[in-house]
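Right after this note come the structures.
Each of the two complexes below includes chain A, the first together with chain B, the second together with chain C.
Presenting the complex of A and B:
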């Protein structure tokens, strides 16, 4: 049984049992860098149009399969999470009193991301699904 | 019951690197981790070095990283810690020996925020500077800091770069910044607006979780940033 007051520190990161809010921060950084990486890749992909329609179509074709689509679902999750968590951080900046509710707010952001991703993932994966 | 106590030991005169040592210590559920450390020092290995003074959660001397979190050894009970307990020095500070760290950089940051009331004006009645209960309440929370450094050394920003002034110094700056009797507000806000000041907070709340006095540290930090904005500083 987890002792009282310890329930919010289940994860040991670099030898310190961090708060969920620190994990939220870590996720914010990771999702931000992930989206940035995708943007670079996207620029490279679209710039292949300079070499003619065949090269462009071949480049775009690389992403028309199930593994790439799963990657796009992860990308969408990163975007949704980054946006919602950013709103949480900004809201605390405007109203410091909100920091007293950082636990429910952090859980809320994670929960809302999961809830939003269920229909989004279904829509995104439909072309590859047996029922699609 | 017996408790397995793992302590991260380091003797700069003998060791190249810190290492873990294990001790079996008899304990009652209501014993504190500090009692276990005393037992090791008094009956098993007198060379174990740590800092403590009042031993009752008031002086803030014995902040340590216990079971993966910063806490005061004198406040953490065996019944909450469990039969296996790990103890190491707080992070981001130079370890002098075992659990003893060099607190000087911490005090330097603390001194930087001028943690004392600045007011050279003569009080209106010539005797005392009056304050409404509402004005007093604004710094009630941050005036309870015991300077144990549990918050600052729980902060990942501080782990990465010790030039960050840290949550404890900001809490103590807040205590005077929002004090209606103080006249050095702008000076303190200038210090806080420094690139190594409040802006480096990433709202990870490790400080809030580590504070043995339950001070709403992140709220204080964000209130200071709001004051910087109101004063037109950047």
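Presenting the complex of A and C:
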């Protein structure tokens, strides 16, 4: 049993009790690797620009549909989270006293990512929305 | 039976436990520790700016990303330098991050060296390809060259 005072910063994830700090750390790695994978693909896609308009327009045309756009929303969320959490890590590295507030800072990063993604996802999905 | 321990004021004795502790000894790993933080700070603006232009501003202004868009964008040195910086910093930052993740999870020394070596070779090839595209793209002569035109 987790002591009463410790309980509120643990969340139950598939039967494992995980702290927000662990989740933030895992999210940072997962989002970073995801963005790196996308970067490999993005370089190949963009390099087709050397073959002229037909080839390039066909290459970017592959990404102009709803599933690809949903993937771009996930990419945006990964990047926003990685950037905000990275700023938190840097702040705590260079001003160690901030580690006292690591928990509100982590909540802030997760909350800010969710809040930022609402308008971003609405804008990005607009061409494919039934009302758009 | 109930032992109540006072909760420490500082949760992490090592302030860097949210990521990677700063290497004690100066040297290559200390350099990469600083590199990840400094390039990360630059990438907050470069990468989020890039995403904001490509996925939000283009969408809001009703524009479309096609060959003509790249032609006009890379016609100006500013965006070429911006994209070049973004490419190099993002790629080195990402490849070094993947190297650290491999180092954390692959305990077998031979397998770890093989994976990190492959990562560096593949990343190097990709980075050179990306840099070549930004440097050698010519907005004027691009359409008539290439096997499909």
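Observations
Here is the rule we go by: the second predicted complex is superposed on the first by the 116 of 132 C-alpha atoms of A that agree within 3 Å, B and C clash if a C-alpha of one lies under 4 Å from a C-alpha of the other, contacts with A are read in each partner's own complex, and residues count from 1 in each chain.
By our rule, contacts are C-beta pairs under 8 Å (C-beta built on N, C-alpha and C of every residue); 3 or more make two chains touch, one makes a residue touch a chain.
What you see is a predicted model, and the numbers here were worked out from it, not measured in a lab.
Once the two complexes are laid over each other on the shared chain, residue contacts for A:32 go to chain C alone; chain B is not touched. Shared-chain residue A:40: touches chain C; no touch with chain B. Of the two partner chains, chain B is the only one touched by A:18; chain C is not. By the touch criterion stated above, A:53 is placed in contact with chain C alone, chain B being left untouched. Once the two complexes are overlaid on the shared chain, A:127 sits against chain C while remaining clear of chain B. Ranked by how many residues of chain A each touches, chain B and chain C are led by C.
Looking at chain A, you'll find residues 5, 21, 25, 89, 92-93, 96, 99-100, 102 touch chain B in one structure and chain C in the other. The part of chain B that touches chain A in the complex is made up of residues 65, 67-69, 80-82, 91, 154, 156, 202-206, 208-209, 216, 218-220, 222-223, 225-226. Per the touch definition, chain A reaches chain C in the complex via residues 5, 21, 24-25, 28-29, 32-33, 35-36, 39-40, 43, 46-47, 49-57, 60, 72, 75-76, 79-80, 83, 86-90, 92-94, 96, 98-100, 102-103, 120, 123-124, 126-127. Against chain B, the residues of chain A that register as touching in their complex are 3-6, 8-9, 12, 15-19, 21-22, 25, 89, 92-93, 96-97, 99-100, 102. For chain C in complex with chain A, the residues that touch the partner chain are 7, 9-12, 15-19, 22, 37, 40-41, 43-44, 47-48, 51, 55-56, 59-60, 65-68, 70, 87, 90-91, 94-95, 97-98, 101, 126, 129-130, 133, 136-137, 142-149.
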